[in-house]
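Chain lettering (A, B, C, D, E and F) follows the sequence in which the chains are written, and residue indices restart at 1 in each chain.
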Amino acid sequence: MVEHSMRAEILVEALPYIRQWTGTTMVIKYGGAAMVSDEHKRSVAQDLVLLQHVGIKPLVVHGGGPRISSLMKQMGKEPVFVDGQRVTDVETMEIVQMVLVGLIGQDLVTHIYQAGGRAVTVSGKDGKTLVACKKCGGAVDLGHVGEIIEVHTELIKTLSEAGYLVVVSTIGTGEDGEAYNINADTAAGEIAGALSAEKLIVLSDVPGLLRDPADEGSLVATLKMAEAQMMLESGQIEGGMRPKVEACVRAVSLGVPRAHLLDGRLHHSIIMELFTDRGVGTMIER
Amino acid sequence: MVEHSMRAEILVEALPYIRQWTGTTMVIKYGGAAMVSDEHKRSVAQDLVLLQHVGIKPLVVHGGGPRISSLMKQMGKEPVFVDGQRVTDVETMEIVQMVLVGLIGQDLVTHIYQAGGRAVTVSGKDGKTLVACKKCGGAVDLGHVGEIIEVHTELIKTLSEAGYLVVVSTIGTGEDGEAYNINADTAAGEIAGALSAEKLIVLSDVPGLLRDPADEGSLVATLKMAEAQMMLESGQIEGGMRPKVEACVRAVSLGVPRAHLLDGRLHHSIIMELFTDRGVGTMIER
Amino acid sequence: MVEHSMRAEILVEALPYIRQWTGTTMVIKYGGAAMVSDEHKRSVAQDLVLLQHVGIKPLVVHGGGPRISSLMKQMGKEPVFVDGQRVTDVETMEIVQMVLVGLIGQDLVTHIYQAGGRAVTVSGKDGKTLVACKKCGGAVDLGHVGEIIEVHTELIKTLSEAGYLVVVSTIGTGEDGEAYNINADTAAGEIAGALSAEKLIVLSDVPGLLRDPADEGSLVATLKMAEAQMMLESGQIEGGMRPKVEACVRAVSLGVPRAHLLDGRLHHSIIMELFTDRGVGTMIER
Amino acid sequence: MVEHSMRAEILVEALPYIRQWTGTTMVIKYGGAAMVSDEHKRSVAQDLVLLQHVGIKPLVVHGGGPRISSLMKQMGKEPVFVDGQRVTDVETMEIVQMVLVGLIGQDLVTHIYQAGGRAVTVSGKDGKTLVACKKCGGAVDLGHVGEIIEVHTELIKTLSEAGYLVVVSTIGTGEDGEAYNINADTAAGEIAGALSAEKLIVLSDVPGLLRDPADEGSLVATLKMAEAQMMLESGQIEGGMRPKVEACVRAVSLGVPRAHLLDGRLHHSIIMELFTDRGVGTMIER
Amino acid sequence: MVEHSMRAEILVEALPYIRQWTGTTMVIKYGGAAMVSDEHKRSVAQDLVLLQHVGIKPLVVHGGGPRISSLMKQMGKEPVFVDGQRVTDVETMEIVQMVLVGLIGQDLVTHIYQAGGRAVTVSGKDGKTLVACKKCGGAVDLGHVGEIIEVHTELIKTLSEAGYLVVVSTIGTGEDGEAYNINADTAAGEIAGALSAEKLIVLSDVPGLLRDPADEGSLVATLKMAEAQMMLESGQIEGGMRPKVEACVRAVSLGVPRAHLLDGRLHHSIIMELFTDRGVGTMIER
Amino acid sequence: MVEHSMRAEILVEALPYIRQWTGTTMVIKYGGAAMVSDEHKRSVAQDLVLLQHVGIKPLVVHGGGPRISSLMKQMGKEPVFVDGQRVTDVETMEIVQMVLVGLIGQDLVTHIYQAGGRAVTVSGKDGKTLVACKKCGGAVDLGHVGEIIEVHTELIKTLSEAGYLVVVSTIGTGEDGEAYNINADTAAGEIAGALSAEKLIVLSDVPGLLRDPADEGSLVATLKMAEAQMMLESGQIEGGMRPKVEACVRAVSLGVPRAHLLDGRLHHSIIMELFTDRGVGTMIER
């Protein structure tokens, strides 16, 4: 147990960090393990509400791959992936939308209210926030997989200024009204850039970028954007970590000063990163 | 073909009606046939956008029963109704939420954008807009079927004032964060009252309230709230029409001057009601 | 008689036009036959109020030559014109001011109120809106005939933003406080430019610009500004049409995208031009 | 010649008065001799602009009887008065409007601009500011003579807040759009009341209320509203002074703390009354 | 040393308290030991800035008795007290003002800037914030000792809303411009009431209210206002604690929900009281 | 005695000057004789309040050398000056701060309230308004004598816009929190520049700049900035006049159109300069 005077001390020691971040926008990409257990959801929701109370404007972008696959199976459809991307026919697109917008976003809103905040979900269709087009290239037609061509931040800003914590479900909308399945990591990078965020924080199930994925001790603490780009080009970064690092690089290239890969399995990793002198995970900067 | 001068004449003849409604809020309950064909959706979306352009603040509340049942069946669950209400276990609640919030609300937003408007979906969880509790009474436990105990209009007003057309999906949220399945007609009545709307307009698949449901010629053009209440109590109004008339009565009792039951199968029935001298359907007033 | 459903259809068909013009400023030069009969005045007032209700900011600039001449005669003065301009001695200037500001502007305000709008007259002296100097050149001294050297839009904007429809009487004021008689067509062109209007609409007693003034079939539907300028320079355009075309050219040269010469004898010609797919009259653009 | 140091002293001595009136509204009824010579007009305009510069919101209500009569004669009409009120047929109404709105109001605006202020005229039709009905009673039909039934202050307030000095021409407008000739003294009293003015100041051609109209030495310096009412009822106050005293009584009864009858023939009588310790003229208070 | 994860945990555990106090005003009476050492000043300044960063509006009221006495002695004047109140002749009044306004307030502003905040001093003369009159009663004339008769909060609110932390030096001003020496505890109570503060926090050199002043173990943890009043009346509370308890009772009687007597010798006692579950010191409530 | 009509005349004659200065900021450096007698203080306070009432934003910067020296002596310290600058050790710095912030600023606030205005003192520490560093160069270490490196105008503007007359005490604050003694003339020049003031007015005990300091008849009425600079460089200007002329030159070089040296011994010299046609003292312009 920690003494009350020490508790006060610790709060005061967070002051320089609070001062540093107050008034800024932080985009948090939420996914993986941190999204599975109720305990983790509660912990992330508390972090978000604390951020809001010390004057930070947090915005959450969430994914939901495993849940989509499980609903597909329940409906008798076999998920198919090509180069890590889900082949998305019309029916799959509806499932994606139902899971992300109808379940996961709503669930997060509820957790934030229970942690004492006020939240709203926004899909990329609402307010035409994420305008997308069909993703081209590749040997296989991925169907409704899209890429963002424009982020309209007006709706997000209206809600933020009214004091709501915004939760973004990454459905894109074509100029023709077509729905698109957008990778949530990628969307988080684009949104962080469009909002001139102070940080992009990507939560995943690993401690950060590892030189050797098998060795958690090989964590890269900080990385220049250029190095990260080289590591991506050389194929050193693979699998699920690839779009996460790409999102960080994209955000930094759009002017976000720093992007972080944090371990979502640790409770309160966002708070630890922002309000203590110990960096956790990997930081990518210009 | 109508002459251009006559077209201008007709626009000018709508002027007194435009003057009458400008600045008011209109709640439109959207459901039934009007929600099935793309042509009908387009027609309703155009009506809504036209309303917005002449200075009216329209708000849409939508249902989605048939679609929910069809997804349930696809997932191997048999829909069960008791007294017209869907028995809603935990899994069914998720399906309700996925269909209403994830599919139908999003679909309507897209149609409104294509008609030239700007729209946003709001579930009852977003901004804690619809606070509900478990519906009591009845011999059978209906599970997550809830009733509204409070409407928080703040989020809706923030969005309306920022120029967005709000589409409400009627998921309720308990104080404990539990999700509730709310009848959309009922919700529309409560929301119209909470917003001090000028009108509640309920679109259905019949011409209005019929004295003899089998005879479309037996349409009741206008009805006092007290008469409607008596007809409800005496059991004269049955089936799907019952919650619609109840919603109208509820809205009028909360101060909404007039509530209308319109035929959603007619194109532009909203415009016809509001901007011509011919009332269509049934009007319920104090 | 037109069916109600068709009426609704026609209203909805106006939607794309409403969307296009909402939020813009339209300057309407009002004069000639449209200003004589009560029926025409009513029709124009309705058009103006309809414009205001669909989000357009209309501003009216009116003339009043015939009425001025008739009052002059009543007071025993013979109107004298040189090159289409009224010789304006001190006494005539007072008559001009009394007729334009005291009668015609006030009359139009009353008609707009009766059509359901809210209006205010503004002379060029009010708020020093039209600063003018004595018109130079010419063999004959025209007296108080002036030309605009500056348009101060502040008063007009204050009234527009407060929701009033502004009616401008084209009296100019010299820096020395002297009153000047300003051609209303010319003033309309200058004001449209100063307000960065979307359109200048000039109502007259002919269908538009006619290649052969004697043949209403020789209507020019569209004209480039440069062509119009050439036609003016070559003297092809004569009489009362000359200052109207000059005003259109001036407005377009100041950045107004399009200027229109409409037949004020047709009822609701403004609405026809703006809200149907049939252009009426002549359009001049860059 | 006054020394510069004494000039500074005098400015400073005005300070308590400036403090007292700053932020208040003063309604000035302007008429009679003060409206004839250019020198007097200049003096009144300077007073008004000085008021505005020290934080007072002055509003001018003007009459114009002599000028109306002279124009009538010029047009071959003989002015007819019954009990001091002008019989106003349709043609006379137009003359009244032309003179008040078209000439006198405009003239005053110009003088205010030359004294360094910014002014706007408002007739009772503009913004439907003075709603009137036909004056009833009396043996003779006075035609378009009206009395005020409502003062809409919205337009006046919009202009005042935007920094314009408002000049009101007392034309009334019926609900039917009919124009009415309103006594300017009466209108000033009503407007002062509607605006919750701090003072009503009525300029006339006498030093104030005289016990013996033939003896300027019989000036009444201050008078309670009740006394003034008794004097009106007993017929002690006659002729042109009657409506002026009635206006003062009306304003005071509507809550205006004090009303003043000042000698408009003295230069700067408004300034003298407001900023020196010598009351000039007659003050009527509750 | 505390682990980083525990630090994050502690920050998150403060969340419910932060939520509870955000948006409220807290008046802190600062004096005694907490005002002597630089380390204590730094600690209090950090607490104040932290409060501001989590959305609380803190306002500081400071005393300065010992410093005043020491300057008096330096200037050859012997401090004289009657019933705990300083006899304040004209010269002493100037010394009081110089020390409070010129030294201590300024010193606190500097410490707040160094802790990362933005501060401004306000004496009771600035903005006529503390209107006072000579304190009456008592056998001895205390000279310029005054009591507050009105608190004008306008200046404080202007500065608070502009984001400044306000430091109040308790000099009062008479309607005649006379300066008055006001007890800082008393002033803090009045100001807390006038601002409808959420809490009044009085820092002193004891742990709180002690039943037996000689025994720190006899601390009263909570006390009803009525009990405190009785204890004051019965003379149980004496010496320097008396005005502190009176200030708490006064604030609570003016509607402040809770007043606290904290031990200013403990570092971060304000933070401990507000953000942990351990109450420190004595709480007085209604 | 001056007649009332002449008083009105004189007020009106000030109108063009009032118009000219309304809305501008005037920085007044207040010191010397004008700060000694109560009568002079009253006179200056009246001038300031009059300025405020005619729409000018006055800001006062005050000195207080003699009072500082007298307190030093009272405390047994001998004032030491090197090149006209006070050697300021730590203890002296506290005395400077106590006198300027605690006495003189407060005194001026009281006088302004008694003249009917609303005032607030601001030291350079409040809102970090005057950021300074230790003055370098010179053979002797002057201790806490500083020079301004930045003027933060935010606090001053907040207070000005809220209608307070700001009184600045020229204590500077180092980035490290250290206090600095700043020459008030110099500070006035810097502040006038930072606020883009319309004028800097420096009150002193002489009629203005004299070619021959012994001959008041040798007054320089106007001077170009370049000439003034030359006179400074050539050493023609000496003693207390030197920093005053330097401040004027500095202000003009920062864009202030005109700076004035006025005789503070004359009552209402500020009013005389601003509102009559007689310039008093010396004017320095670009």
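Everything that follows uses one rule, which is that a contact is a pair of C-beta atoms (placed from the backbone, for glycine too) under 8 Å apart; a residue touches a chain by one contact, two chains touch by 3 or more.
Predicted model, so just to flag it, every value in this text is computed and none were measured.
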{"item": "Cα-superposition angle relating the copies chain F and chain B, to nearest 5°", "value": "180"}
{"item": "Interface composition of copies chain C and chain D: same or different, split at half", "value": "same"}
{"item": "Chain E and chain F, separation of their C-alpha mean positions in angstrom", "value": "35"}
{"item": "Gap in Å, rounded to a whole number, between the CA centres of chain D and chain B", "value": "57"}
{"item": "Junction residues of chain C, two or more chains touched", "value": "none"}
{"item": "Chain-level touch network, classified as line, ring, star, complete or other", "value": "ring"}
{"item": "Order of the ring members, counted from chain D so that chain F is second", "value": "D, F, E, A, B, C"}
{"item": "For the chain F and chain E complex, residues of the former touching the latter", "value": "74-75, 94, 97-103, 106, 109-111, 113-114, 118-123, 125-128, 154-155, 158-159, 162, 164, 171, 173, 177, 179"}
{"item": "Interface residues, chain E side, partner chain A - complex", "value": "2, 4-16, 18-19, 22, 43, 46-47, 49-50, 53-55, 115-116, 266-269, 271-272, 275-276, 278, 280"}
